Structures are given as C-alpha cells and as structure tokens.
Amino acid sequence: MELREIAELVGGSVVGDETVEIRGVTNIEEAGSGDITFAVPPHLEKAAASQAAAVIIPSDISQFAKPAVRVDNPRMAFAKLLEHFTPPVAVERGVHPSAVIGNRVVLGQNVAIMAHVVLADDVVIGDNTVIYPHSYIGAGVVIGSDTLIYSNVSIREGCQIGSRVILQNGAVIGSDGFGFVTIQGRHHKVPQVGNVIIGDDVEVGANTAIDRATTSSTVVNRGTKIDNLVHLGHNVVIGENCFVVALTGISGSTKVGNQVTFAGQVGSTGHITIGDNCVFAARAGIIGDVAPNSFFAGFPARPHKEWLRAEAYINKLPDLVKKVKELEKRVTELSPEG
Amino acid sequence: MELREIAELVGGSVVGDETVEIRGVTNIEEAGSGDITFAVPPHLEKAAASQAAAVIIPSDISQFAKPAVRVDNPRMAFAKLLEHFTPPVAVERGVHPSAVIGNRVVLGQNVAIMAHVVLADDVVIGDNTVIYPHSYIGAGVVIGSDTLIYSNVSIREGCQIGSRVILQNGAVIGSDGFGFVTIQGRHHKVPQVGNVIIGDDVEVGANTAIDRATTSSTVVNRGTKIDNLVHLGHNVVIGENCFVVALTGISGSTKVGNQVTFAGQVGSTGHITIGDNCVFAARAGIIGDVAPNSFFAGFPARPHKEWLRAEAYINKLPDLVKKVKELEKRVTELSPEG
Amino acid sequence: MELREIAELVGGSVVGDETVEIRGVTNIEEAGSGDITFAVPPHLEKAAASQAAAVIIPSDISQFAKPAVRVDNPRMAFAKLLEHFTPPVAVERGVHPSAVIGNRVVLGQNVAIMAHVVLADDVVIGDNTVIYPHSYIGAGVVIGSDTLIYSNVSIREGCQIGSRVILQNGAVIGSDGFGFVTIQGRHHKVPQVGNVIIGDDVEVGANTAIDRATTSSTVVNRGTKIDNLVHLGHNVVIGENCFVVALTGISGSTKVGNQVTFAGQVGSTGHITIGDNCVFAARAGIIGDVAPNSFFAGFPARPHKEWLRAEAYINKLPDLVKKVKELEKRVTELSPEG
C-alpha cells in the first residue's frame, strides 16, 4: 500500500514522498523500514529518528524529516490503520456440538457459540455475538448484538449485556454482592436478588468482578471501559464513557457520573455520589461525595492541588525542624539567662 | 401478602394500616408503591419519604409516617423477607452427561453436577451440594453438604471444603503458594504440598485466590466471609466469622484471630499474628503483630486515633510553617542587630 | 528413611543421632515426632524447641539441641527433601476424549490434554506439557516442553509460552491491552494486535492477567515469578528472575530490568524504565524512571532511607508543634510588650 493510499484512507495529506510502500503498522519503538507509525508531541522527534518508513502526524505540523501523513487526530487515524491492516480474528459461526444449550434459548443470526460454552435456560443472544470456550451464561441472561465474550467468562442468572460489548477472559458479571447481617457475631447472608446491567459499547477487563445488586441492578452505562482486576460492589452505578483502570475497587451503592476516570488502584467507599467529569489519580482513596469536575488525589482523596501542597509541606519538614532548632538557640541567647 | 402477614413472618408488630398489600421487597431508593423496605437510623426519614408501601423499622420507634413493622433487628427481618419473596434458584439435580467424573468419586444425595464439570479421582461431595459448569474439582478433594460452587471455580488436589460454603465464580482454592529459594540469582520452586481447608459457612468472592500451604494447611475457619479479588498466601490462617473485603492481600503464614475485619485494599505482611476482634480500616498496611481488639488504620498501620492525629498534624503544617516564619521575624527584631 | 540417608541426599553432615527415622517433611509449627524441618536464624531456637525429630540447619552451626543435618543452604536442602518425599501429581498422559482439538495442532510426546481442554487451530505443544481441564489455548499459540497449565487458564491467540513454565489456575495471558482513543468524549478501541511472550521457567499466579501488546509483544523474561492477582499492562517488559508479588499492577509500556522485586500491592505508572536489581517495598507507588540497584518505598516511591526519614519527621510533628508553641510564649515574654 502506498502512502498516498493511506492518506486517502485516513483523510489526511501527505508530506514528502507519497509513493513510499507501507507493509505494516506498529509503534515507534518497533517500527521497521516498511512500517508506518504515529506521533504526537512530545514524541515527534523520536518518530523522526525511528526506522519507520512514514509517520502519521498532527495537521498543525507542516514539515517533517520523514514521509508523513498529516491528520487532525493521529491516534484515531492510527487506530483506523490498525483495523485496516489487521484482519478480524477468524471465527467459525454456529453452535459447536460440545456446547450445552438450555431450554427456550434464542440465538440471533450469525452467532458463534464455541466449544464447551454453556447457555442456561431462557438465554437470549443477539446477532453476530461471539462466545468463546468455557464461558457460562446463566439462566435468563440477555445479550445484545455484535458482543464479544472471551473464554472462561461467567455471566450469572438474570444479567443483561448490551451490544458491541467486550468481556475479556475470566470476567465475572453478577457474582453475589457482599451483603451480610451480623447478629451475635455471626454473619447471615442477605440474598442478592438483583442483577447487573452492562450498557452498549462497554468493555470489561480480564478477571474483573462486578457484583449483582442486592435488589434492583448494578449498572455500567454505555461506553465505559473497565480494565483488569477491577471490583465493583453491589448496586454500584457507573455513568457513561468512564475509565476504570486496573485494580480499582468501588464499594457498594456508590453512584458515579459520566466521563469519570479512576486511575489504577483507586479505592472508593460505598454509598457516595461522584459527579460527572471527575478524575482520580492513581491510588486515590475516596471517602465521601465528590463534586463534578473534580481532580482528586491522595488518601483521603482531596483536590489534586491540595494534595500536592501537603506533599510539598511534608518535604519541607527537615528544613522546618532545623529552623525551629535555630530559633530555640537564638531565643535562648536573647533571654536574660541566655 | 398483607402487612399483617409479613409482621407475623418476621415476628414484629404493625404500626398503621395492617392490610396494606406487599408485592415485593427492595431497598429504599428502588422501592415502588407495592414494595416493603427497611430502615434504621439515620435513614428513617428517607424511608418515610420514599415510594415504599411499608417499612420495617426498629422496635424502639413507636411512630412512623408510613405503615411499618416494628422488629428488634430490621436487617435480619429484611433478609428473611428477601428469602421469602425469592424462590431459590431452580437447579436440576443429578449429574449432567457432559460432566467428567473420575474414579472412586463419592456423590451424596440430591447433588447437582452441572454441564462440563470435572471431578478428578477420589473426590467426595456431600448431600445437596451444587456445582456449576466449568468448575474443576481436583483429586481427593472433599466437599461438605449444601455447598454452592459457582462456575469456573478451581479447587486443587487435596483441599477440603466445608458445608454450606459458597464459592463465587472464578474463585481459586489451592493454587501453589509463592515459595522460592533463590540461589545465585535464580529462583527455585519450593514444592507446595499442603492444602487449603475451608470451614463451614464460609463464603469466598469472585476471582479470589487462596494458596495452598507449603506443608500442612492454609485455613479459613467457619463463618468467615471473603469478598472478591482477595489474595491469601500460603499457610495463612483466618479465624472464625471474619470479614475480608475486596482487593485485600494477606501474605504467607500470617495468623488471624476470630471476628477480625479487613476493609478494602488492606495489605498485611507475612508471618505475623493478628488478635481477635481487630478492625483494619480500608487501605491499612499491616507490618507487625496486632493485639486483640485493635482498631488500626494507615500505612504503616497503627491505632486509628494515632493515625487521625498524625493526619491532623499534617493538615496543620501550612499553619506551622507560617508561625515559624513569624517567629523568625520577631526574633530578628528582638536581637541586637535586628 | 534414616537421618543418615537424608544427609547423604542433601549433601550434609549429621549432628547427633544419625539413625533417627524420618517419615515426613514439614514446617516448624506443624512438625510432629517423625518429621524433619529446617531452620535458619532467627528461628533456630524455635526449631530446637519444636516436636520435630530432626532439623536441617546452616553449616556454620556446630551444636544443636536435636539431631540435625548441617548444610550450606538449608532452604535448598528442604526444597530437595520436599520433592523427594512428595510423589509428583499423577497425571494420565494423552488427550481426553472430551478435549476439543483444532486443525493443524501439533502435540509433543507424552503430553496430557485433560478433560474439556480446548486447543484452537495451529496450536503447538511441546513434550511432557500438561494442560488441566477448562483451559483454553487460542489459535496459533506455541507452548514449550515440561510446562504445567492448571485449570481455567486462558491463553489468547498468538501468544508464546516457554518451557518449564507454570501457569496457576485462572491466569489470563493475552487479554486485550487497555488502549483507547478518546474523541469528543467517546472512547474508541485501539485494536490490540500484539501478543504476550512468556520465557522459560516463568511462573504466573492464580487469576493474574497479562495483557497482549498493542503491537509487538508484552514480555515476561525467563525465570521471573509472578504471584496471584497481578496486572501487567500492554507492552510491559519484565526482565529475568524478577519477583512480582500479589496485587501489584504495572501500567503499559513500562520496561523492567532483571532481578527486580516488586513486593505486594506495588503500582507503577506506564512508559518508564526500571533498572536491574531494584527492590520496591510493599505498596510502593512508582511514578518515574528508577536507576538500577535502587531500594524504593512509599508513594511517590523514593529511596527507602528518604522514605523512612520522612516518616520519622512526620512522627516528630507533635513534638515540633509543641516546641513552636513554647517558642512563641518565650518570644512574647522577651518582646517589649511581653
């Protein structure tokens, strides 16, 4: 494929030799002499110095040391190219003879139900949905179209999964919430009779666990992307288009707005409300309601600026101790008995 | 079901109209006009203002704005009602033809061994125990009665599981402990030849991993409830009726007493002893033995009051720096050259 | 087996009665009157006071209160004994009839492909490799010899696994990296078309998730041991002979040298470089490049000594506040209006 053709595909304009042949798409570090990569500031020089044959760059860059394609959004163009150069994983459609299909199951057109999948009674699966081996779909689960469920996933009874959802391997949707009533030191289980609702275009990471609600629903709204090994407690509601990064845990009944980002290993207490557009830095520990548009860090989580200031004051402590010692000395010298 | 009947069921007394018809049981936020919910302080007003038809309240409340049932323990009554209104998940008893059963396996009465379950040789399963699809039960494992093992669970060779135990989806019981001997920079595996013993009435959360002992047993004693994504290292012993909340990790050979609570994302070093009735706040990082009845927080974990005090002092730092600056100025003014 | 024979087996010398009969191998706490255990300082007295029949001790100890075997490395000798006393888990070789084998799969000599295993097309498995039930091996995966894959493991398409590797139950190798391009608030998936390469002699813990690279490879080099519930992001490279302890998360594209130790619950930001021989204390939060041979702690992670000093200063704060109050009083007394 010539660079000219790539520019057409991504709606960009060529800088330099438009006949350069492109055979692959990869990142800067790995790019060889037949590859195209992409770069945005501050990585432009690194890309220029790489082995790559060509680079996708922002449209506000007019000159570049290599053949380049200028586009408004280099990341998006790069994603488009990756898709173009990567044939979709070939999947044989149909129901594998080793799959076990319950009563009254409804399967859409063109589904792939692979080896050893188990669909319990009353499951409904939309068109083009693919389920990999060893995944278990509980009774009454409804799954939309074009959804991709990798191997060893468990979706428990009564849960609802949207369209174009991706569940990575080992994800658990609808395990019991952690609800007990303690009487005289013994913990009695509160039946967890709700479900989980996963909206359209959601992605759930490997070995992530999302608990079903005690009653009603734990909800992950559309477009939200959840990383690996995340815990969402019962009755949690996550808004649209959020990011929940690996090893984060959100305790029961907490409600999260739209476009919220939880960086890695964040924790949140339960029964609180977090507004739209909040960002929590890695390791933030959230202990109360958070207003929309907040950027929080630290534990207990507070505005990022405050956290930085507190950290700075802690770093000044040795200096402060020294100053106080000097003051003590000076005051002693000044005092009558000094 | 009339409110009068519900009061009988939970052993309570009605306040207000005892003929109100109840069709469902749910939480305050979700309650509709046919539902009963429960409330304890400080949520009583919220419940009174809800859509609910009736509320279960503590017996020391004599007046309420809605029809209510007064009971000694509203949570317990609520759990009882949830059970009453929820039929148990219907499970077909017997051994599914796709299950693979090893030699000398002993199955109790009324078990359900579902599709694609694998029971290795010499497994013993008690009466009424249910095992969901894709769970693997290793050689020589003994499981008690009325135990519920959800899908994609692994129980490795030689482990013992009590009665009325619940293992949520993806839980791993008896993976190898993390034991190596490092010689000249290479790590040699110490064979992990012990097992895991899970007591009666224990619950283990989704994708939680409990390692087998190097020798002897890793033990979770009866009544303890473990949340999702928890790690228990080899030779850990957890007492009775503990809570271990999500994303907590307990390192090898640590011994924990009874009635201990680890809130979310707690970590503990190995080879220590934690006394009965301790409570560890979320994110506590335990680095040494802890006496019984301690309430610890922070990292390194210390008495909660000390931790609060240290946090308060940190918050006072800007003020302290200001004071020292002022003092410096005053001392300079007082000094002969000032 | 007499103690004399054990000494021969481990290349040590007996102190005391060399005819003592040894029937088992276990740790100090569990040792009974027929068992041998091992001890190194500071546990020698505990071992001497135990029920054990004999103890393996360091060769620089010349006297001991019990029959003992002196060796250069007691841990290594103990590991050898454990192996000797423990017959390897008996595994029936061959392909179980319920396993599903794709097209063009190549199986080595003496493999065990157990019940319900699924091998997709073009998988290659080396000699003596064992795969437990419910594990899924994706298309084109290549696995070396003498590798042990426990139940419910997922290895996704195109990944490469070395020889003598151990994958504990529920591990996920090759799930999609967490890569998105956000445009006008919506997150678009960047196809994750790379793979994961696991070197020889690596161990991966239960329910650990290792993401495939966006392009090229996420790599875990030979001899590295990874504990349970660890997250490795896309394009991470871990060197040789590292330890990654439970609940640690390493973000995308971070490169780690050889012989690095991450203790429990450590987190690292992405796109950084960590040198050889670094040690990170539990809970360290790594936010930038780290030079070789560093011993870091705290969040943000810094040299362990600095972290200790900062902690010490924080502990001195109450004292400092008191001193400043006293100084204020003294200065007021000294001042003209005092």
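Chains: A, B and C, in written order; residue numbering restarts at 1 for each.
Note that in this section a contact is a pair of C-beta atoms (placed from the backbone, for glycine too) under 8 Å apart; a residue touches a chain by one contact, two chains touch by 3 or more.
The chain lineup, named per UniProt: A, B, C = UDP-3-O-acylglucosamine N-acyltransferase.
The structure displayed is predicted, hence computed values, not measured ones.
Per the C-alpha superposition, chain A sits rotated 120 degrees relative to chain B, a value rounded to a multiple of 5. Shared residue numbers account for under half of those found at the interface formed by chain A and chain C, and the copies are therefore classed as meeting with different residues. Remark: chain A and chain C have CA centroids separated by 25 Å (rounded to whole angstrom). Residue positions of chain B with contacts to 2 or more other chains are 98, 116, 134, 152, 170, 207, 229, 247, 265, 314, 317, 320, 324, 327, 331, 334.
On the chain C side of its complex with chain B, the touching residues are 25-27, 29-30, 73, 75-76, 78-79, 82-83, 85-86, 89-90, 96, 98, 114-116, 132-134, 150-152, 166, 168-170, 203, 205-207, 223, 225, 227-229, 241, 243, 245-247, 259, 264-265, 282-283, 314-315, 317-318, 320-321, 324, 327-328, 331, 334-335. Chain B contributes residues 98, 100, 116, 118, 134, 136, 138-139, 152-154, 156-157, 170, 172, 175-176, 178, 180-181, 183, 185-191, 193, 207-209, 211, 214-216, 229, 231, 233, 235, 247, 249, 251, 265, 267, 269, 285, 299, 309-310, 313-314, 316-317, 320, 323-324, 327, 330-331, 334 to its touches with chain C in the complex.
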